[in-house]
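Structures for review follow.
Note that chain A is present in both complexes that follow, paired respectively with chain B and with chain C.
Right after this comes the complex of A and B.
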C-alpha cells in the first residue's frame, strides 16, 4: 500500500491492527456520553470533565488509531519487522486501554489512586511502544515519511513523560511551580509533534498514491519536520525558562500546518482522476477544520479569549478525527482483501463490498453534522449534547462497519476454496 | 499474453484488478501489467499463491510486470 511496498513477510497479522481500530468506537462512545451528559463542563477549559473528555478523544480515538496504523506502517515503510507483533500489541493495547479508563475515571470522579494507575499503565505502554518501534526506524532506508514517524514517536515519548508527571501531581494534589509549563509542553508536543507530524508523514505517502495527485514538493518535505522539531524544542525551553515571545514558535508551527493544508487541498483539487470517493471528502473536511483551528489559535494568541482557545482545540480534534476516519474507510477494506488474497481465498470479496460505499457516506454525514454542532456549541451547551448524540451514532456506525468487515474476513476464511498451487504446464 | 493497463488508476484498484486477472490465468498464459509504479505488494501476493513475476521499467519510466502461474516459462524472454 505504500511506495516501499507491503511485504507479507513483514506485515503484522491483521488482528494486530484491527485490535486497535476496533477499540476506537468503544472510546468514541464513552467520549460521546460525556458530551451528552456534561456539555457545559466539557466546554470549560481545564475542567476535570473537559480533561476526561479530551483524553478519551486524543488517546482513545486518535492515538489508538495511530498506534494501530504504526504497527502496519513501520513494517511497511521502515523495512524492519516488529518482533512478536501479536504479543507486543496485546501488551501495549491492554496497558493503554486500562490506563486510559483509569485516567478518564480519575478526572471524572476525582480518584487520586486512579491517577497513579493511569500514570503507570499509560506511561509504560507508550514508552514501551516507542522503545519497540523507534529503533527500527534507524539504520535502514530513510525517507521523509520515516523522519516524520521518528519525530512523532519522540514527541509521543515526551508527551507521555510530561503526562505521567502531571498525573502524579493530580494524584498528590500538589502542583509544582512548573506545572503550567509542563502542561503547555505536554499538549504542544501531543498536538503538533505526535498528531501533526504523523498526519503529515502519512499524507506524503497516501495522498499521492490513493488519489493519483502530484507529489508534495521536495523543499517542503525536506524542511517540514525540521521546522516542527525545532519549534517544539525551542518552545519547550522557552516555557521552562519563562522567556518572553513564546507565541513566535506557535506562529512557525501554524505556518507549517497551513502550508500542509493548502498544499493538500491544491493537490486534491488538481488530481488526475475525479472519481467519487468519500475518503476525499474526509480529507477536505479535515483541511477545512485545520484552517479553522489555526485561525482560532492565532486569534487566541492576541486576545487570550477562552472561546477561541476552545474553538482552536475543538477544530484540531475534529481535523484529526476526519483524517483518521477517511483513512480507515480506505485501509480496513484493503487489509481484509490483502490478507485474504495472500492466503489464496478465491471468493475474496472486492474491496468496495467489504465496507459498502453507502455506509461510508452515512459515516461522513454523521461526522459532518456532529462536527458543525460541536463547533456551534459556544452558543449554547445544548448543541454540544446534540453533537454528542451525533458522535454516538458516528462511532456506533463505525463499530458496525468494522465488525462487518471482520465478520466478512472470517466468513471468507471458513467458506471459500483456496487457489490451487499446481500450475505447471504438461511437458 | 493478456494485457492490463492500470496507469492513472488510484491505489489499490490496480492491485485488485491485477490479482483478479492473475487468479484466472490458465496454464501457459502470461499477464502483462502496465503501471506507473512498481507494485511490490502484488509481487508478494503472486509469490504467495504459487506464481512468478518479472518486472522492468521502460525508457519513459513506465513499469511492465509479467506474471504467470507456469513454472516452465522464461518471463525475461517475453519482454515486449
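Right after this comes the complex of A and C.
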C-alpha cells in the first residue's frame, strides 16, 4: 500500500530517455529539408507535402521528445515504475520511428503500401505506449499533473486510432463520408488533448520548481483538464453527428489555453529566482507563440481564411517546440549529471559544463530567427525556405549539444574514479 | 497537516536559496554567503526533522524500514554532499561552480520535495491520523 513511487530504481537508464531525445534532431533535419525544398507545397493545408512535414514535426520532434520525457517523468510523478523500461522503450522507439518514416514517405511519394505500414507500426507503438503507462497512473495518490498525464495519454490513444483509420483511407484511396470529421477530431485531440494537456500538466510542476514561482491557482488546476476533456468529447460528438456551433468548443479550449499562457507569463515575471537562464526565454517565446496561435485560430473561425488556419497551426507548432527545447536544455544536462553522480563517479561534470550556456543561447537565437521567418512566410514561400535553413541549423546544433552531452557521459564513465556505493537497495 | 507544515518549510528553504543565488548574481558575495548559510542550516534542519522524528514514527507504525523513507534518506545524503560542495565553492570564490552545482542541486531538491509532497507526506498523514497535530507540535519544538 505504501511502497509506491519513491525508489531510485524507478529512474530509467539514461539511454531510455536519450534514445528518444537523440532522434529529435534527425526528424528535425528531415522536416527542415521539406521546408527548404518544397516551401510552397508545405504552406497549402492538406497538401501531401504539408501533411508529411506536419507529421515529421508533431510526431518526430514533439511527440518523440514527449514520449522520452514520459519515461522519465513517470518515475518522479507517476508513482509506479515502468516495467522493463529498456526493452519497452526500444520496441516503442523502433516501431514509432520506422512507422513515422513510412508515413512521411507515404505522403510525399504517394505510396499506398507505406500508409498501411505506417498505420500498423505507428498505431501499435502508440497503443502499446498508452497501455504501458496509463494503468500506472491509477490506483495511487492522485494530483493534478497526474490527471493531465492521463488525459494526454487518452487523447494520444484516440489520435492514433483516428490516424490509423485515415492512413487506411489513404492506402485505399477511398475516403468515407466521415473522413473530414475524423480528420478534425484527429488534430483537435492531438493538439489540445495530447500536446496541450501534457504541456500544462508538466508546467504545473516545473515552472514552480525550476524558477521558484507561485503555484498555479487551485481552481484552474482543478478545472483545466476537465474543461479540455469535456470540450474534446463534445467536439468529437458534434463532428460525428454533424451538429452546428462546433466552434463553441474551440472557444472553450482557447480560453483554457489563454488562461494557461497568461498565468504562466505572470508567474515567470514574478519568479523568485532571477539568475540568467535561457530556458525562461524559451518559455516566454512559447507563450507568445501560443497567444499568436489562439488569436489566429479565433480569426480563422470567423473568416475561414486558410492563411489564419496555417498561421494558427504554425504558431502552435512553434509554441510546442519552444517549450520542448526549453525543457531539453535543462533536463539533458541534469540527467547526465544525475546518472553519473548516482553511480558514484567522482569527476562528474557540473551541469553548466555538460552543455555550455552559450550553446543554449545560440540554440535559442537560431530557433527565434527560424520561427520569425516561418511566421512571415505568408508573404512569400522563399521565407519558408530560409526558415528551413534556420531550422536545419537549429536541429544540427541540438544534435551537436546532445551528442556532446552523451560523449561526456561516456568519457566520465571510462575515466573517472568511482566511489563505492554501499546504499542497500530499497525494498 | 504534515503535508502543509512540511510543504511550507520546503518553500521557506527554496526562498532562502533563491535569495542567496540572487545576491550572488548581483555580485553581493557577503550577503550571498550569509543567505546561503541560512539556507544550509534550514535545509539540514528540515532533513533532521524528517530523519529523527517523522520517518522514525512512520517506520514504527507501518513496519516499513527499507521503503520510501530509506530512499529519502539516501537522497538527503546526496543533497547534503551537494550543499557541502556549494559551500566550498562559495568560500573559495568559485562562483561559476556555485551556480553550476546549484542548478543540479535545485532540480534534485525539487524532485525530492515533489516526491515527498505528492506521495510520502500524504501517506504519513494517513498513517498518523489524529496524531498528526501532535507530530507537527513536536517538529516545531525541534526548531
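Here is the rule we go by: the second predicted complex is superposed on the first by the 412 of 427 C-alpha atoms of A that agree within 3 Å, B and C clash if a C-alpha of one lies under 4 Å from a C-alpha of the other, contacts with A are read in each partner's own complex, and residues count from 1 in each chain.
The definition used in the following text is that a contact is a pair of C-beta atoms (placed from the backbone, for glycine too) under 8 Å apart; a residue touches a chain by one contact, two chains touch by 3 or more.
Predicted model only: the values in this text are computed from it and were never measured.
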Touching partner for A:140 - first (chain B), second (chain C), both, neither: second
First, second, both or neither for A:209, with chain B first and chain C second: both
Touched partner set for A:222, first chain B, second chain C, both or neither: neither
Chain B versus chain C as contact partner of A:110, first or second or both or neither: neither
Partner chain(s) touched by A:276 [first = chain B, second = chain C, both, neither]: second
Chain B versus chain C as contact partner of A:419, first or second or both or neither: first
Touched partner set for A:131, first chain B, second chain C, both or neither: neither
First, second, both or neither for A:351, with chain B first and chain C second: both
Common ground on chain A, meaning residues reached by chain C in one complex and by chain B in the other: 3-8, 209-210, 212, 272-273, 275, 334, 337-338, 341-342, 350-351, 423-424, 426-427
Chain B contact footprint on chain A (complex, rising order): 1, 3-9, 209-212, 272-273, 275, 277, 334, 337-338, 341-344, 346, 350-351, 419-427
Partner chain A, residues of chain B touching it in the complex: 8-12, 16, 19, 23, 25, 27-28, 37-41, 43-45, 48-51, 69-73
Touch list for chain C against partner chain A, complex: 14-15, 18-19, 21-22, 25, 62, 64, 66-68, 70-72, 74-75, 77-78, 96-97, 99-101, 103-104, 106-108, 110-111, 113-115, 118-120, 122-123, 127
Touch list for chain A against partner chain C, complex: 2-8, 76-77, 79, 140-141, 143, 205, 209-210, 212, 272-276, 330, 333-334, 337-338, 341-342, 350-353, 423-424, 426-427
